[in-house]
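Both complexes below contain chain A, partnered by chain B and then by chain C.
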Partner chain A sequence: MASIGLRGITKTFGDTQVLNAIDLHIADGEFLTLVGPSGCGKSTTLRIIAGLEAQTEGDVEIDGAVVNHVRPSRRDLAMVFQSYALYPHLSVRQNLATPLLLRDLGFWERFPLFGALVPGRRKKIETLGAAVRDTAGTLEIEHLLERKPGQLSGGQRQRVALGRAMVRNPAAFLMDEPLSNLDAGLRVHMRAELSELHRNLGTTFVYVTHDQAEALTMSDRMAVMLDGDILQLGAPDDVYQNPQDLRVAEFVGSPKINVLPGECDSAGRLSCLGVALERRLAKSADGAISLGWRPEHFTLHPGETSECFAGRLVYKENLGADVYLHAALADGAHRLIVRVTPARAHDAAVGDALWLDPDAGRTMAFGPDGRRLALAEDDEAERVV
Partner chain B sequence: MVRSRAHLWFVAPAIILMIVLLIAPIFVAAALSFTDYNLGNPGFNWVGWKNYESLTKFSSYKKMFTASLTYVVVVVPVSVALGLGAAMLISSLRFGGEMYKAIFFLPVMATLLAMAIVWEFALHPVVGVVNDVLRTGCDIGWLHALLTGSWLGFDPAGSWYGSSCTEDFPVWFGDKKYALGTIAFIGIWQAFGFNMVLYLAGLTAVPRELYSAAEMDGASSAWERFRLVTWPMLGPTHVFVVTITSIRSFQVFDTVEALTRGGPAKSTYVMVYAIFEKGVKQNLLGIGSAITVVFLAFVLVLTITQVYFVNRRVHYS
Partner chain C sequence: MNLRTDWLDEGLKHVLLLLGSIVVLLPFYLMLSYSLKSPAEIESNTGGFAGSQALITDPRCVKAGRPAEECTMRPVVYNYTAAFREAPLLRYMLNGVLVTVSIFLIQVLVALPCAYALAKLRFWGRDVVFGLVIFCLLIPVHAIALPLYIMLAKAGLTNTYAALVIPWTISVFGIFLMRQFFKTVPDDLIDAARMDGMSEFAIVWKVMLPTAIPALLAFAIFSVVAHWNDYYWPRVVITGDRDLMTPPLGLRMFRSDLDGNEYGPMMAAATVIVTPLVVAFLLAQRRFIEGITLTGMK
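And then the complex of A and B:
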């Protein structure tokens, strides 16, 4: 159990800077996800925490102690790799036992043949065997113990990799895209299992993924990374409902948030493609404004009004429980994706005209630099009108 | 339905060529080994196992087996270990690796026969550079003390270097105590570059993440990571390298022909040289074929060992 702190972590490879002074504090027992598109620096951050990569500048702290010069093997962290990185020549049992052997047995005790003569070794081997059996029991892989990794399915290998990390009760788990080699169904199943495992172990988890769904479903907090910066750090709900940056808004959420160009007048009143919106900005902004709405933040209007976006249905994406309607707007340049219930979508046919009404108060406005712009409180808006 | 026989016409040329060029010669050799045929003679007699009996009976053939097996037992482990060591050193370099690769590979590219001339000159007992350098060392006090061990209080005359200083250095190719060792040294010098290239290829196939995993699991020393990851992951390469080097060592011929001609006192009388001497120089095809068959049997045993016993244990998926 440990807290992990990053202070001003910078990493450069040659001339390219991949991490720009990252600051991050991960609380003891927290499940923190680093999420971002590939190349954003999230894996590098994880490898720097592990000690497998040296930071160019900054400090890594574990439980308050700076570990910059501590070898990975002495940091008491366990890592699960995307490729699982199991030792292919060892059976599952030996794979699980390896971290314990390396930690608990001295050099001479591990020495081939000769090691068996060292007193006290047998006792250590027994406790170690018990720990392996316990871990295998927790992960339900006891029946696989004698097999080699090559004889296992992807999901089983994943469990063995988890087991190898768990078996020595590390201070924290580092996971580098552990689910991305699994098929879709198993991935969803493993999300639930990992969350449960985290609850039961109560250990700190640092989880790296490019899949925003994994970040949203599992983490206590998620850090959205892009181009070597943490753009937003917060609870999944908060990041989804209240993105502080247009790039965060676009990255988190599937299907993607709808973004349309907006205008604002001197009083901060917003309009978009000729449709006046109910809300206004707290402070008027210059330059190009972007307005965003999640697919669930629209209602279908039965007939034409001036407060609605007019469009034509081009595609119905039926997911069973929800239906996403893809509408081409009248200006010909933009599209909106709107979530509706199957019942509501039943009548709509491709080619039909749609009137889409953005929910009042759900509008997110972003400035020219992509930063979120605050909306004025409701009552103020009324006073101005 | 009418079955066409066209397929036979398509495979026939390949099968006939294979039989004529690859399989028949071995059977011919095997058949000849049971005769007393001499090239040029009008006829021959079947002599049964007589040729094979003489292989076990005469001391020159016993020396032949001793020479060949000693050569293999020395060259294979040393050149494999050196090849692995060099490959690991080179793969850990940030730059300059290509240059080292090219240099270590030079002996492989240059034909052994051409390089044998250089070695013959270098190891010449009188004008050779090796003995020259060794002799120079005798006159340098501290070096002499270091090499003879006299600085530790040993008697200088008791050591190899000390006694050689007084009695002169060995005639490398002319002394039966040193000839095979010198030939083996040249064999190692030539083979390790080849093994290094094979190991370099093997090392690139070891997943980087395994080293990270080993490090996370607590393998903090290079030796532990070598034992846990590098050595087992090179399993298929080991088998290949050891097999190839063994076969090539059994086949050693050009250095022997160029430098010692099997001598002195048959100490370097290796199998392929014996085949050449009996079958080609003396036209004794019967006994030459018998040695050939024994030679093929050795190689076959090595290959079968690889395929059936070792290969299964080193391919992990």
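And then the complex of A and C:
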């Protein structure tokens, strides 16, 4: 168990800077997810924590001690890779035992033939055999112990890879997209299992993924990364409900947040495509502002009003419990995605006119630089109107 | 209709393949056939593949004053006993095994770490070094034979096993082949080994070597065949000591020592020398082809 700290971590490959002075503190026992599109530097960050990659500048701390020059194996971290990276020539049992053999046995004890003569070796082998069996039991892979990785399915390999990480009780787990090679159903199942494993082990997890759904479902906190910066760090709920940056708002959530160009007058009153929003910014802003609503922040209005966006239904995405209506707005340039219940969607047919009423209180306003702009408190807004 | 054109197509392919295999196999057929026949049959080109196996009498044996019964035998027996009697074939083959095995082992010892470094480690000048490896592939052995010989002679190593082995211990071909194979090994596997606590050397021998067995087998065949069959280099550095001769040099003994018409024993010796290679190839055939196609994988 350990806390992990990154201070001013910078990484450059040649001329390109992939990490811009990352600061991050991961608490002991926390499940922290680094999430972002590919190429955002999340895997590099993880590899720097692991010690597989050297940072250009900055410090990595584990439990308060700087480990910049400590070899990966001495950092007492375990890593699970996207490709599982099991030793193909060793059986599952040997795969699980390898990290223990390397850690617990001395050089001479590992020496072929000669090693068997070293006193005390047999005892060690027995204890690590028991550790392997324990781990296999926890992950329910005992029946696979004698097989080679090539004879296992993707999900089974995934478990073995987890087992190889768990078997030596590391201070923290580092996971690099461990679920992205699994099929969709198994991925959802493993999400729940990983969360449970984290709860049972109580060890620090640092989890890298490009899948915002994994980040939202599993983590205690998630760090949204883009172009080598952490744009927002917070609880999944907070990141989803309260994105501090337009890019975060667009990355987190599926379907994507709806973004429309907005205007504000000198008093900060907001309007969008001619629809007045009865809200105003705490501080008036210059330049182009963007307004965002999640798909669930709209309601269908039965008839035409001036407070609604008028559009035409172009596509109906039925997911069973929810239906997403894709509407082309009357201005011809924008589209909205709206979540409704199947009952509400029942009558809507492609080509129908729709009036979409945005929940003004949920409006997220973003400045020209993409930063979130605060709305004035409700009572103030009313006063303005 | 279709079936018939298919037949024609397939037939044509097979005819071509047959012709090709005849070209390749004919010398071996002749070698085997000559090693079975009597000198008279070889000279008159009669007797089919195996000859009539009529009893013949060895004139040199009679001349040596031995009784006629002892000197009369089947041609096949005569050829093969003569092969082993006239030259220490077993000794030559033992030399061949010693030399090829030590060359191969040392080549692996050198090539694997080199290939690993070139494929998987990032260091300054790596591409230049790899360029040099490629460049060395282009240098013919014969071009550097003289300087090599002089160096070995100055070190007093001519007419030793060392002279047969040392010049071949660094195989740029081996480095190149293994590097290409190691390129296909996922980086994650190496990172996982590092996280588990393996040193870079341990990674080479415990992770890369076992995954590279097919490529290594292919390399083994290239290496062993080349050095088992090598006539040029042993001819250069083994000048006096017959005990150090390798099989191809041994064959030469027949040509110079025996009368012109002693093809039988000579072909018998040749058969004995190529047999281990052919057997080894047949045993490793599948892995060998796997290994050759490996570089095209991924």
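We take it that the second predicted complex is superposed on the first by the 385 of 385 C-alpha atoms of A that agree within 3 Å, B and C clash if a C-alpha of one lies under 4 Å from a C-alpha of the other, contacts with A are read in each partner's own complex, and residues count from 1 in each chain.
Here, a contact is a pair of C-beta atoms (placed from the backbone, for glycine too) under 8 Å apart; a residue touches a chain by one contact, two chains touch by 3 or more.
This one's a predicted model, so the numbers in the text were calculated from it and none came from an experiment.
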Three-chain arrangement built on chain A, chain B and chain C clash or fit: clash
Contacts of A:P149 with chain B and chain C, given as first, second, both or neither: first
Partner chain(s) touched by A:R191 [first = chain B, second = chain C, both, neither]: neither
Touched partner set for A:L77, first chain B, second chain C, both or neither: both
Touching partner for A:R103 - first (chain B), second (chain C), both, neither: both
Touched partner set for A:A50, first chain B, second chain C, both or neither: both
Partner chain(s) touched by A:H89 [first = chain B, second = chain C, both, neither]: both
Residues of chain A contacting chain B in one complex and chain C in the other: 47, 50, 52, 71-74, 77-79, 81-83, 85-89, 98-99, 102-103, 164
Residue ranges of chain B touching chain A (in the complex, touch as defined): 207, 209-210, 212-213, 215-220, 224, 228-229, 232-233, 235, 314, 316-317
Residues of chain C that touch chain A when the two form their complex: 186, 188-189, 191-198, 207, 210-211
In the complex, chain A residues that touch chain C: 47, 50, 52, 71-74, 77-79, 81-89, 98-99, 102-103, 164
Interface residues, chain A side, partner chain B - complex: 47, 50-52, 71-74, 77-79, 81-83, 85-90, 98-99, 102-103, 148-150, 164
